[in-house]
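One structure follows; several queries about it will come next.
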Amino acid sequence: MAPLSWDLQLLNVCAALLLLLAFAMLSQRRIVTLVDLLALQGAVLCVATALVAWRTGKSHLYLSALLTLGLKVLFLPWLLRRLIRRLDVYWDTEPMANIGGTMLLGLLIVIFAFGLAQPISALANTSTKSTIGIAVAVTLLAFLTMITRKKAMSQIVGFLSMENGLFFAAMSATYGMPMVVELGVALDVLVAMLVLGVFFFQIRERFESLDLHHFESLKEEK
Amino acid sequence: MNVIALLTQGLEIIVAVAAAPLFLGWINQCRAWLQNRSAPSVLQPYRTIQKLFNKDAVIAANSSALFRVAPYIVFGAMTLAAAIIPSMGTRLPFTAAADAIALVGLLATARVFMALAAMDSGTAFGTLGARREMMVGFLAEPALLMVIFVASLISATTSLPAISEHLTTEAIGLYPSLAFTAVAFTMVLLAENGRIPIDNPATHLELTMIHEAMLLEYSARHLALMEWAAALKLFNYACIGFALFLPWGIAAGAAAPNALLLAIPVLAVKLVLAGSGLALIETVSAKLRVFRAPEFLATAFLFAVLGLLVHLLLGA
Amino acid sequence: MELALLLALPLGGALMLGVFGARRLGAELNAFFSIATFGAACALTVRVIAEGNFVAAREQFFIDPFNVFLVDLTAFVGCTTALFSRPYMRVELEHGRLTAGRLRLYHSMYQLFIFTMLLALTTNNMGLLWVAMEAATLSTVLLVTLYRTPASLEAGWKYFILCGVGIAQALFGTILLYFAAERVLGSEGVTALLWTHLNDVKGQLEPTVLSLAFVFLLVGYGTKMGLAPLHNWLPDAHAEGPTPISAVLSGLLLNVALYAVVRCKILVEGSLHSSLPSQMLMGFGLLSVGLAALFLWRQRDIKRLFAYSSIEHMGIISFAFGMGGPIANFAGLLHMTVHSLTKSAIFFAVGHAAQAAGSQIMDNIRGLLSISPTVGWGLMLGTLAILGLPPFGVFASEFLILTTAVKTQPWAIPILVAALGIAFAAIFRRVQPMVFGEASVPHLAHVPALLPVFAHLIIVLGLGVYIPSYLAHWYREAAHLIGGF
């Protein structure tokens, strides 16, 4: 095994951390901690982006690292924490049965993701191609987080984490999307969160809770 | 096989058997310091063992021969394990016959006999302890194997000395896979040796105890051997950890005697650091309910598998 | 210039209505901006007829035969819906289902929604297409929940989460597309996501990556166009949102999502040289047609009924594009046009009927003909049109699709015919008593805005009889572009 240069090693550590954080989110019961984990994930992503930017000398990646820092590390977690305080769900926990089973499912998903990323990694000519699999895995794990949750807030955290995974995938496979697209995606995420902020209050006003098990009325009549 | 190799082998066994209670004593002392208690002497485990050897053994009337041989088997298995873990040198004659998987089997043998002996006398506590021990073991073993597999994959061998040797010669770098497995290994170590957060070695609280429950019926020399074997087990686990994750300073290859001499103080330093680290972990964490133990060990397993997957993908 | 105007008008309208939308003038302003947008679309059309295709703004935007008629359609339906919503929303306000503040949100978001759809249609950049599609979801989420009833909140949440997850898949697909394109086009110029460039080099794109990308893109945009089995959000969002929104969701958003899928399909098929994308489109299309037909049977809510009908028609169109070839593609394009016109007309009529009855449950709506012949006939004719009766345009397109299927995909005929038959029976048995039965609905307190209904129906009728030459030319060109095996 030829020793990698230090920045690639550090990037690998970042990728591994992202994967670890995805699992941590999958198993985390407390909603506030979920938001913290999300912020941490954003921070790792930011470091990884900056590393790639430094390595490749692509200035637009510095910009997107800054964007990540501003949006995903600072603003969105701040917004979510504020929402949590305002909605008074600070002590909410997710009633999750069988975390172990979910974890095992998560491991299977990671293996699946690695398989999925194999052909892409094989074709990639970026020096970060080995992390594509991890990015796909993070995305799918976030998806799993979303579908195993019952609380609106944790579903949203899962959604944002999924976006983080996709962002990382774009970076590993192609050193990021063109700037205009990245800006657009960031704008969409931002607007989505603002819309959700409004939306949460509407749900709360109606149901006095953010539990989605109230949402059972619109089933197809059998 | 030369003289130095034989010497190394003998030295390893002697050091392990002799130093294991000291390591335990050191951990206890660190814990006491961290908890603002006045610490017992580091030599306290020796005194306990000596005291126990001088007593008359009492054996339950309805227990079988198994109850009496179990301490010797357990102690023997642990000594043998100490022989195949490269704690100071890598040229060990014994390791040709036993690789890391055999080592895990050896540890499992000791566990099985301990559990059988605990159930042998037919008391409630013994059975309870045995059942809990088997549960922990059943969950911890896959994680331990997974940890060893990662290291094996990196160095393409399952022989522990070869793994250590490979890792010492490797350029120093960041290995996320090894970091993950190190975390997993630490968790397994805590669980397997009956430390907090899985078990508390300092109490005999019937609702929570695991290891102590199995030893309740033992006395005198049998108990001494069991305690000694437990200390040896902890020592062995620490040495496995060093071999996998901190192999530097070990006398690699067909080393000269002076490298071996250097390896002894290096091992001492590692043990001192590891002991204080363990004491710190035990002090800052709270004991988990027994029912949460599977979750703890599942996390360890998860870490180990993550390490494996990360290694496969990133090659690091 | 026309293009800039086309995009600037609704965006400006959104901003302006965000400020002034609460005034009484809001509805008029909304209508004004929509009409102006339609005017810009007409100007654009004139230019395209005169000059042909073009790209603009450093190739970030382009107009070709495939999107020009969709732009017209979107601007036109957007305009008629705004005209319809002016009196409709006023009545809702009078009934106390809304407040002035929410009306402002409605007007502003309506314009924003039109803007995002026009952006999605005209952009040349596959990344921007994604951004616009996501923005279209976001701008309508709060419209679905406009009434703030528990059911509407649930529908909104479902819409947000399902489409959000779906669109995330599409983002991954887009990333893969970029990944494949970058290898051919290079990343230095920003051309690697421009559709026109991708189309030029589609034969060189890496097939494995593109097939993977297509799976994600189809799942992603397919969620948005209500393809089964990811259609769950659609009936809820249609039933619980205000009627004008149901009309534009059904009539326009689904089309735009389908447009995105077909754009991707063109690229992927060019790269793969196999019929895999076509088969996937046909499979999902047939599944949607079948499932929707079955679900149609047990609907009780009128808007849900027609929402499922939309799923069915999206399935038919996907099937048509999946078959490919000049005739099926032509029929698919025609069907996109007539479906969106007919479906929005139906929703207009349904809106008035439900408003009069104070309920969307079909059992509570009876005898529309006796209380308002125009609403009654509007609904009846719209229903007959959507069910594919001649001489309406839907008949023409469905006939073309079926005859092509007999030739190229005979195995699908039984499913299609059975589904169309079930859908016909399910819808007709529901609508017939609503229109003709014993009157149970009080008379309308206001004059219904039925000009849009009949305008749409007349166009649909016209398209069934005669297709203008330039439109036919566009269809043929686009059909050629879409190709297929």
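The first chain written gets the first letter, and so on, giving A, B and C; residue counts start at 1 in each chain.
Going forward, contacts are C-beta pairs under 8 Å (C-beta built on N, C-alpha and C of every residue); 3 or more make two chains touch, one makes a residue touch a chain.
All of these numbers come straight from a predicted model, not from anything done at the bench.
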Which chain is most remote from chain A in terms of Cα centres? B
For the chain pairs A-C and A-B, which is connected through the larger number of C-beta pairs in contact? A-C
Whole-Å distance, C-alpha centre of chain B to that of chain C, is 67
How big is the gap, in whole Å, between where the Cα atoms of chain A centre and where those of chain B centre? 38
Quick check: how many Å separate the C-alpha centres of chain A and chain C? 31
Could you please specify the touching residues of chain A with respect to chain B in the complex? 1, 3-4, 6, 9-10, 12-13, 15-17, 19-20, 23, 27, 99-100, 103, 107, 110-111, 114, 130-131, 133-134
Contacting residues of chain A [partner chain C, same complex]: 116, 119-120, 123-125, 136, 139, 143, 146, 152, 155, 159, 162-163, 166, 169-170, 173-175, 177-181, 184-185, 187-188, 191-192, 195-196, 198-199, 202-203, 205-207, 212, 214-215, 217-218, 220-221
Could you please specify the touching residues of chain B with respect to chain A in the complex? 154, 170-171, 173-174, 176-177, 179-180, 294-295, 298-299, 302, 305-306, 309-310, 312-316
Can you tell me which positions in chain C touch chain A when the two form their complex? 60, 125, 127-128, 130-131, 134-135, 138, 141-142, 145, 148-151, 153-158, 160-161, 164-165, 168, 171-172, 174-176, 178-179, 182-183, 187, 190, 192-193, 206, 208-209, 212, 236, 240, 295, 298, 300
